[in-house]
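Each of the next two complexes has chain A plus one other chain: chain B in the first, chain C in the second.
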Partner chain A sequence: MDFLNALVALSNFVLIPAVAYGSQLALGALGVTLIYGILRFSNFAHGDTMAFGTMTVILFTWLFQSWGISLGPLPTALLAIPFGIAATAVLVLATDRVVYRFYRAQKAKPVVFVIVSIGVMFIYNGLTRFVLGADDQRFADGERFIINVREFRELTGLSEGLGIKTTQGITVITAVIVVAVLFWFLNSTRTGKSMRAYSDNEDLALLSGINPERVVMVTWLIVAALITVAGTLYGLDKSYKPFTYFQLLLPIFASAIVGGLGSPLGAIAGGFVIAFSEVGITYAWKKVLGYLLPESLEPSGLVQLLATEYKFAVSFIILVAVLLFRPTGLFRGKSV
Partner chain B sequence: MNQPVRTISLFALVALLILMTGFLQSWDLALVILNMGLVSAVMSLGVNLQWGIAGLFNVGVMGFVALGGLAVVLTSVAPVGEAWAAGGFRAIGALVIGAGVIVATVKLWSRGVNRWLIAAWFVAGFVIYRLVRDPAVDAIEAVNPAGTGFLGGLGLPVILSWPVGGLLAAGAAWIIGKTALGLRSDYLAIATLGISEIIIAILKNEEWMSRGVKNVTGLPRPVPYEIDLQQDPGFIERAASWGLDPTTASTLYVKLGYSLLFAAVLVILLVLAQLALNSPWGRMMRAIRDNETSARAMGKNVTYRHLQVFVLGSAICGIAGAMMTTLDGLITPTSYQPLRYTFLIWVMVIVGGSGNNLGAVLGGFLIWFLWVQVETVGPQFMIWATSALPEGSAVKAHLLDSVQHMRLLTMGVVLLCVLRFSPRGLLPER
Partner chain C sequence: MKKLLLASAATALTAGAAFAAGHASEAKIGIILGFTGPIESITPAMADSAELAISEINESGNFLDGVMLAPARADSTCIDASAATAAAERLVSEGVVAIMGADCSGVTGAVLSNVAVPNGIPMVSPSATSPALSTAEDNGLFFRTAPSDARQGAVIAEILNEKGVSEVAVTYTNNDYGKGLADAFAQSFEEMGGTVTLSAPHDDGKADYSAEVGALASAGGEALMVFGYTDQGGKGMIQASYDTGAFDMYVMGDGMYGDTLFQEQAEALEGSIGTSPWAQGDGAEAFDTVATEAGVDASSSYTRESYDAAALIALAMMAGGEASSDAVAANLMSVANAPGEPILPGELGKALEILADGGEIDYVGASGVELIGPGEAAGSYRHYMIKDGAAETVEFK
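Take a look at the complex of A and B:
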């Protein structure tokens, strides 16, 4: 019984949140990795693109809610995602046309692109705050829980409860669908193959008649979709705040680098590695250990390795460790 | 226009802008802009040393600035005797143990000891560290939590905290440089961004050190207090002879005092930076920046030089951070935001002209002026722009409310325009 209780507590506080968070990070990291693979720079504006996408989704959600449209038990935001993606796609394509294309034509060094993306970051940042403000916004509606803590307790008779939020379920399902579609696209369609070819060897791809501008455009479209979905899921699960999204840049980059920049599979693995370590290291293990250990060994403190506020330190330490010992990442990404 | 003329005329423009602020708005605002402009110029001098001269992409400026702020607390605040008695030495001991564990781990690693053994040693060391630290920290934070709850500083004159800030930042930069400098430019960027966030997290959480988010207010000042001046009959008399009332005169006097101190620091650092830039050392650094491989082939120790310049640049940022906290008179860890203290400094360096010390200083003043003025002029502009909209319309109210976010947008546009049309900045490197 104690073992079951420990297992339930572990799932409730570590496994389920980490799986949801990991899926969100993985989607974000896929975007970073695609941009790195195709456009060959680290996009510092990624977190703010995410904020922009989520912001448009929120605005559409409010519009639908005012029209009385809802998805019943599911959050209305799901219905607004396609519109958010469209708006974000317009934004990133316009940015590419006005800003990045100039430097691409010049064959500028990657670090120039990074600095340019810092300028873009400022603009997006101002834009999102200008439209929706810098405050917290909650936009989740519909059913809150798939499994309620109290009902679970009554059903099983365990003293620990297990709660699964609707948003956590949706996050995982959506992430699986999105990733499946993405991999199908990259591996099976003509455009996807040309993207991979372009990422592997630019010159060879150009020689075989691949249109680079088209590849870049498709990349931005995919990135817009990924980032809007990731941002909306994160916002549904926690809440939307532009500054938090900006800060997500760090774990997202860490995921992409840990997995190996340029490797989509690595981005997903990296997302989960970062999420599990972040949640695991900042979780107070007292409860779980209390069930597992005999009474005499029961810990007196919280057994929390690091305070929750140090979660950035976790992704950072993993990042540095990977960079020092395996610079190409877990999945052998590229290192230009 | 040749370079010296261009330099002089652009600096004259900055002086004119600040004087115009004084005449058109208020002298108080002009001095506020001047003071923070001086601090910003020091910061961008530091970043310019790293990026402009050595080509190191450091986006962790905020962390070093914050360490400078911490130095002010640690140096100038009077020590809290009770807290020291409660657990001060134990807390310091814990820090020593923690540092010892890390050093020993690194040493063991470089000797090639079994990895699992090292991991076990590290975990054991961490547990010991926490066992020593936690009771001490609880005891310190329990001492009058509303008033102090921290160890306090050394009670030394606040001016001393500026070099201490530089040293603190230099120490941190040495550790960071040792681990992260071998990385590619954009990896280094992510790594430094992460470290700056960690430094801020430490400042927010380690209440026993600097009160964390409870802030430390009323830091000592290197200049007299306005209240004292206003009660000094000699000062009132002099104020009257300038035709000013004592209140205005005292605020201006205090701000001018800061300006002179900051200007002295800036001039010293600028002279040193110029001498360094034009010395064989400066030529070597630029050679490394322009072609690392060939510099290495010429027998230059690139790794060591990178570390050296990284530490120097960060130290300058630390000094600037200490100056800023002294000017504010308080430290608020939540106010450190990467956009303001890292990326804005980058905008300054790039707009001013990376690789040119004078350019970086100019960028510091110019961008800071813009940053402040967009906030003060922006609302007026918005009132004018929305005057066509009907009174009481929701759009108008929203636009007027969110005008403060205009400055982020403005900075982005400025940066992109400079990168596009004048990529080497206003004062290009020769």
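Take a look at the complex of A and C:
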């Protein structure tokens, strides 16, 4: 019984939140890594593109809600995602046409692209605030929990409870589906293969007749989809505030770099490494150990490795360590 | 022709002198608040309230033989200490006699030490609540009509003690306000025999709060104290804690008071309690009437304290018999406190008359001003409980 209680407490406070957060980071990092692999620059506008995509999803959700359309226990926002993806795709393709294509034609250095993307970031930033404002928005509806803590306690008779939110379930399931589709696309379709070829060696790819503009366009379309899905899942699970999305940029980049920039598998692994290190290393083990150890050995302190203030330090120490000892990241991406 | 020129020049000179004399009988009061930045939504009503008191003084016609008070606004930004200092320096070069402000604790401390103290300008802040300002080096120049959070910490500890809660976990927003309130609370609570199992800060605007909630849940406690902001990390903490069932009861500081939060998190917050500064009684009612007549939004935050801050500056000048910085600094405490005739909002003209006749006043004002210690409001708080997504008053403390 004590062992089960320990397991449930650990799942409730560490495993489940970290898996959900990790999935959100992984989807974001996949977008960063695709842009880095194919367009060859670090896209600083990523967080704000995410905010824009989520904003359009929110607007469509509100529209559907006003029409009385709902998905029952599931959030209505899931219905609005395709429309959000379409709007985001239009935005990023227009940006590419007006801004990035100019620099691509000039064969500008990656650092120039990075600076350009910071400029784009500020414009997106203003665009989102202009349309929806800087405030918190709420758009989640449907059932909040798959199982909540109180029900779980009554059901199992354990003293610890376990809560799983609907949004956490949706996040993980959607992430698995999206990743599976992406890998199938990259590995088995002609367009996916040409994208990988373009990423591996641009000149050879051009020589073998791959149309670069088409590769770039498909990349942006995939990124728009990933980004909108990631942003919506995050907004459903936590809350929507443009500034928080801007702040998400940091853990997302950390995930992509730890995993290896340009490696899709690495982006996913990186997302989970960062999420688990943020939630796990600062966890106070008092409760769990209290169940596991005999009474005489029960800890009186919190048994916390690091105070929660240092959770960001943890992910950045991992980042620095990876860059020092394995600059290409865990999954052999491109070196930074 | 020459004579005519001379004559007109002479006339111009005398007129100029007369104009100068008229000009000299104007005294400027600086109003430095965060008109841009995080609290930009509440500062316009605060400034309006302060200017309401100033115009009331001017219209009474009893002020210091016809000296007119003139407000001069400046932007404190709430968060940027160097911008606030520059704005205050500009006010000083414009010749302000006293400053009503600043608003947020951080910039208030900066303006006090960089501008007010070196220039000998008294400051009356309506809304800076950090306990650290009580002990700041101020040469007797700093006053506030808002209570220190040391008082709020004690009030919250007292409420918990009465409820029989003896073990709590604390989370606070990682800044001067949050840390000050958390420390003040922990000190009072421990003196009453309570235990704080863990006091952990949270950063605002971050992506995920499960780590903080995990640690706090492990440490345990009967309630989680949330000293943060309604639309920032404070909300994130409550949501993450509710989702994991970590705590059933929350106790919120003044920064968490907001109807939107109560509605959105109605389920999580049911039965939770909180405190927020609140004025009640005749003064608050009188202020509502005066403000409504003048078209000022009386229900906004810190409007009462702002009105009182400006009124106290003017009354202190009157008691000192001159519109000077020294008069404000020397007389502010005596006009604010007993003994004397109690003065409510709308009665400033009467107060001026009493002072002119050599009498004494006890300014009660809109917020029930009672300055204690180093010149700060004793403060009364509303203890509320959340029921069905709305705050219900339990008592005033």
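In the analysis below, the second predicted complex is superposed on the first by the 323 of 336 C-alpha atoms of A that agree within 3 Å, B and C clash if a C-alpha of one lies under 4 Å from a C-alpha of the other, contacts with A are read in each partner's own complex, and residues count from 1 in each chain.
The criterion applied here is as follows: a residue touches a chain if its C-beta (ideal position, glycine included) is under 8 Å from a C-beta of that chain, and two chains touch if they have at least 3 such contacts.
Fair warning: this is a prediction, and the values are worked out from it, not measured in the lab.
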Simultaneous placement of chain C and chain B on chain A, clash or fit: clash
First, second, both or neither for A:L248, with chain B first and chain C second: second
Which of chain B and chain C A:Q137 touches, first, second, both or neither: neither
Chain B versus chain C as contact partner of A:S11, first or second or both or neither: neither
Contacts of A:S70 with chain B and chain C, given as first, second, both or neither: neither
Touching partner for A:E309 - first (chain B), second (chain C), both, neither: both
Which of chain B and chain C A:V116 touches, first, second, both or neither: first
Touched chain A residues, chain B compared with chain C: B
Chain B versus chain C as contact partner of A:K287, first or second or both or neither: second
A:R150 touches, of chain B and chain C: first, second, both or neither? second
Chain A residues contacted in one complex by chain B, in the other by chain C: 243, 247, 307, 309
Contacting residues of chain B [partner chain A, same complex]: 57, 126, 134, 179-180, 183-187, 189-191, 193-195, 197-198, 201, 204-205, 337-339, 343, 346-347, 350, 401-402, 405-413, 415-416, 419-420, 423
Complex interface listing, chain A residues touching chain B: 41-42, 44, 99, 102, 110-112, 114-116, 118-127, 129-131, 133-134, 243, 246-247, 249-250, 253-254, 257, 301, 305, 307, 309-310, 312-313, 315-316, 319-320, 323-324, 327, 335-336
Residues on chain A engaged by chain C in the complex (per definition of touch): 12-14, 17-18, 21, 135-136, 138, 148-150, 161, 163, 165, 234, 238-239, 241, 243-244, 247-248, 251, 275, 278-279, 282-288, 302, 304, 307-309, 311
Partner chain A, residues of chain C touching it in the complex: 174, 198, 200-202, 205-208, 210-215, 217-220, 231, 235-236, 239-240, 243-246, 260, 264
